[in-house]
Amino acid sequence: MTTHMTTQRDNAGGSSFLARLGNLDRRWIFLAMGLSIAVPILLKLRFPEYPSPMSRATFDAVESIPEGAPVLLSFDYDPASAAELQPMASALVHHCASRHQKIVFMALWPLGKQQADKTIETVLKPFHPEYKEGVDYVQLGYQSGNEGVIKLMATNIPAQYPTDASGAALKDLPLVAGMRDLSSFKLIASISAGYPGAKEWVQYANGPMPDAFKVVGGSTGVQVSQLLPYYPHQMEGMLVAVKGAAEYEMLVEGKYPIAQPEVIGQGRVRMGPQLVAHLLMIGLIVLGNIAMVAGRSRGGAR
Amino acid sequence: MLQRTIPIAILCLSGVIMIVAYFVSFAVSWSETVNVWFNILSAVAFVLGAGNLLAVNLEKISSRRPGWAYAAITLVSFFFMLVVGLLKLGAVPDPKNPLVHFAGDYETSASPYGWMYEYVFSPLTSTMFGLLAFYVASAAFRAFRAKNVESILLLGTAFIILIAQTAAGIFLTGWIPQDSVFAVLRFDSLKVGITEHIQTAGMRAITIGIALGVAATSLRLILGIDKSYLSKN
Amino acid sequence: MNASNTDSNRNSPAPRYTLLWISLVVLSGSLLVLRAAMAAQGDGGAAAADPAAQSLWTTVGIWTAAILTIGVFSFLYRDNPLYKVCESVLIGVSAAYWMVNGFWTSLVPQLFGKLMPGLVREYALPSMPVSTTPGLDFALACVPLILGIMLVWRLAPKGGWISVWPIAMIIGVTAGLKLVSSIESDFMAQLGATMRPLVVMNGGFDFWGTMAALVGVVGVLTVLTYFFFSVEHKGAVGKTARVGVWFLMITFGSAFGLTVMGRITLLAQRFEFLFKDWLHIS
Amino acid sequence: MMREIRERSRSTMLFAATAAAAIAIPCCIALAEGEAAVEAAAPSATAAAATDSVFRTDRGPLAIAIVIVCGAVIGGIMLARSGRPLKIRRLAALDAVDEAIGRATEMGRSVLFVPGIQDMTDIQTVAGITILGRVAKTAAEYDAKLEVPTCRSIVMAAARDAVQAAHFEAGRPETYNEGNINYLTDEQFGYVAAVTGSMVRDKPAACFYMGAFYAESLLFAENGNSIGAIQIAGTAEPSQLPFFVAACDYTLIGEEFFAASAYLSGERDQLGSIKGQDFGKLLAVGAILIGCLLATVGAFAPEGAVAHAAETIKTTFGG
């Protein structure tokens, strides 16, 4: 497709200041962007959040399953996307644990296991000390095979995961001993940064058994456009980027307060630089168009 | 024959087998088996990659081409990481099998490999990733100019979403009551409307098109019509 | 349309700016380094609170990471030796990282573990479960081994053409798998999701619901029309395709806007690292 | 020569027949058994019942869809072989390929081709490599220097084969230099750092990004823009399309990207398969219209037969 909007032969002479702005050295933009993020971090700016329907749907999906029912949390991201996704994971684990859901952790990304471990250490153990490994939660860890892992789990969990991450056989762990396939779960949540992730969970887990469980997903801003087609039918709820995390954090904390609010408040803290940087981008777009109009009115270019 | 017909036959056969296997109960796990093979194959193929990396950089160094010092840095960091990783040098012994050296954990930051990952690999990759924030800004400034209907729609939508993404949207239009007729003009409802209805429709059509494209491309390959992957030496 | 990026002069700034930039960077840089050095000596809060965590190697690590982070950022100004060093280190380290990863997570358990399980169990993976079908495992592991040898054979002086065979197999399997999965989960599922009532009744006639449903279906149909290759975009088809392009533009604008947040988060995270972990000023 | 062509086309036909049979036979059986299973078992038990038989009867509808879509494509190819004139609209991005390479040649600068960051197990990479073949042929004819950095070892091997084949086809095997096609690193951002670094240093005049791209799309496109290169992108990664559309001169969107290699080949068979794709789209449009019509009528009488039919169709499609 031809992309008309990249044409930028803005003005040849460029005598006016505004018109010259059209060809502004992009390093000034870089500097402005850097400052707009650095300053709010240093000043710790924070703004209120208002839950969107998608975040509320995610919250409601978790609320709608019976208390104490087993849920599967798949950590399909790595540290590179942790800034966006870890706040969701923390809030989700706190939410599930507050409702006494049995939690099974797993990862489709090699480094996802570390993120799950981290969440267990920082959220589950300190704030839900009643959770016993093997009985109330199980960490299955990472297995290679991408969507193949999901496909096999859909028919036979022990075949894919003969043992949990620490090497204990599944049949020795009360929580998972009787589980045959994914239909044992009431909810599957994939916090995902790309492939394999929430999309694969929808395709290969929800596809073959659409009514067995609910699927919710957390996604980076980039990936959301790929997941949108699946919401709200194949995926009941979706958390989108830090904003989704911040909104969900508020919903969860509103109903299930936590002793140390900052543990599930990372999303909201990270929204500070967002506002300033977004306003900068809006300003840049306006500026670019003013410069174009100014350049055009001086008879510079088309 | 060996160089053209057999590869085409292999391609055709393996493609057809995978299609049929999807419908045969006992072959359901074949795709996973093949997946494991390909993981192994790509690990074996590192020999090619590493060989090429060495050849290119050694050539740069030996012929003292401009920037040869950087080639040397690449090689040194490559070999350091490779050796500490493959030999698990300084790995933390496995508590269950402390005597088996190669059972040790080499990925903790207490081992050289893990340290390199945490303090060299990870900061470099995530900062490269972070550069995108700058480029998103410069791309928006440069490309979002209202030149025609199409570009107005592109930049207008981006504009609305950007405002709605932050508390600024609520600040500007939050006073419109949720239950009034004008509630659709609230930035948050506009965002939901655009993403849930228009973007979803657009993405759906793109996805359907891609599915057809993938099917046709796969079929062209399986039928042996597209043979551009074959060399002719 | 002609390509239009003729203004490459953006690359070379006016000299008066150069001096400004350099002095700005040097000044702020030296202040920050001074601050970090003092923090590392134990005056930072984190260091005093947890001496075990602030071991020598951690300090060296944080400094290394900080310098590399700044090195990558310096590329925004222009290409420079520090960036080139970062780039070279990153290529070397990351290539080796994935090779080591492939070796220990694929080759050892899935190839060597199947070919010579005893040896692997003794020297590398003591907890590897004993297979119930060692013969089958061995045979199955031979396939990728042979394919691998064929692939690498291209380095040999003769018979390099054989490396096309495994590539042909990879392409064939990929084509077969993707053909099925794309028709199932992309083609059919998306068609199914598009089929919905065009008139929405919610107790009474729901105007906005109906509009939304209509927009959804019209959007899919017009964009699909845009993708038609057999017909020129003229007349009625052209007009429909044009509407399709509008839908595409809104889709892209929306996706672009939604992405910005993630990108800013990533950058914010790097700044948080520099400010908190390195400089202890936040 | 003629015999070779005839032989090749015969072998192609043979493959086509085998493939069609191999697909059709299990489908028919699956279909027959599927109907029986649906009648016998409640919907939730279908999957369980299906796994007991040799064929996955629950996948019957999918089998039919595959036969229809593949049939459309094969039909398009047959149509092309029948010798009828093939009318296919032009794609501006593909018309620009020659122009971009020509410009690079005139300026004495190189051409950069990035085949995405995924392995050959992604069909986009395969499509990218076939496009590389065409681009390399043009570059060989113009005698322009073509640089192909790759992110995977196997992709490097495949790219070398494709470029070498292109040089043979262009009649200039002696100008092929495998040193221009290099593996850098498997790491996404390591690859980006190296490619953007070399872009800024070597200043290629034309940049092609054809394959599976993720976050790096904008890093490539913005740096390419800053060096004043003509940029032509193609990907089926929906999340990255906005960035390519905004920052590149031309973008092949989704399906266009897959059609591009067929376009550029200029072979009748391949062009015919594009016709087949269009036929598939026509069917899709028809299915959507019928589905929506039934659903709309059904909405007014939720208990009626039409509503039931609409629901059945929707679930069959998996929506």
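The letters A, B, C and D name the chains in turn, as written, and every chain counts its residues from 1.
By our rule, a residue touches a chain if its C-beta (ideal position, glycine included) is under 8 Å from a C-beta of that chain, and two chains touch if they have at least 3 such contacts.
Bear in mind that the values here come from a model prediction, so they are computed numbers and not experimental data.
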Smallest number of contact steps required from chain A to reach chain C: 1
So using the touch definition from the top, which pair is joined by more C-beta contacts, A-D or B-C? B-C
Based only on mean CA positions, could you tell me how far chain A sits from chain D in angstrom? 29
I'd like to verify one number: the distance from the centre of chain B to the centre of chain C, where each centre is the average of its C-alpha atoms, in whole angstrom. 4
Report the inter-chain centroid distance for chain A and chain B in whole angstrom, where each centroid is the mean of the CA atoms. 17
If you average the Cα atoms of chain C and of chain D to get two centres, how far apart are those centres in Å? 20
For chain C, write out the residues touching at least two other chains, lowest number first. 1, 4-7, 10, 72, 75-76, 84, 86-87, 90-91, 93-95, 97-99, 106, 127, 151, 154, 164, 167, 170-171, 173-175, 178-180, 183-185, 187, 189-191, 193-194, 217, 220-221, 224, 227, 245, 248, 251-256, 258-261, 263-264, 266-267, 269
Residue numbers in chain D touching 2 or more other chains? 51, 62, 66, 69-70, 92, 121, 123, 126, 154, 157-158, 161, 184-187, 189-190, 193, 215, 225-226, 238-239, 241, 243, 245-247, 249, 253-256, 259, 274, 277, 281, 284, 318-319
Can you pull out the residues of chain A that are in contact with at least two other chains? 1-8, 26, 30, 33-34, 37, 80, 144, 155, 207, 222, 224-226, 229, 233, 243, 274, 277-278, 281
Name the graph shape formed by the protein chains and their touching pairs; answer line, ring, star, complete or other. complete
Taking the touch rule as given, give the residues of chain D at its contact with chain A in the complex, in rising order. 44, 47, 51, 58, 92-93, 214-215, 225-226, 238-240, 245-253, 256, 318-319
Listed in rising order, chain A residues that touch chain B in their complex are 3-8, 24, 26, 29-30, 32-34, 37, 47-50, 52-54, 79-80, 144-146, 148, 151-152, 155, 224-226, 228-229, 231, 243, 271, 274-275, 277-282, 284-285, 287-289, 292
Using the touch rule from the top, collect the residues of chain D that touch chain B in their complex. 11-12, 15-16, 18-19, 22-23, 26-27, 30, 50-56, 59, 62-63, 66, 69-70, 73-74, 77, 119, 121, 123, 126-127, 129-130, 133-134, 152-154, 156-158, 160-162, 164-166, 168-169, 179, 182-190, 192-193, 215, 218-219, 221-222, 225, 236, 238, 241, 243, 245-247, 253-259, 261-262, 265, 267, 269-270, 273-274, 276-277, 280-281, 284
If we count contacts the way the header does, which residues on chain A are in touch with chain D in the complex? 1-3, 5-6, 26, 155, 194, 207-211, 222-226, 233
Within their complex, chain B touches chain D through residues 5, 8-9, 12, 15-16, 19-20, 22-26, 28, 38, 41-42, 45-49, 52-53, 56, 121, 124-126, 128-129, 131-132, 135-136, 138-140, 142-144, 154, 203, 206-210, 212-226, 228-233
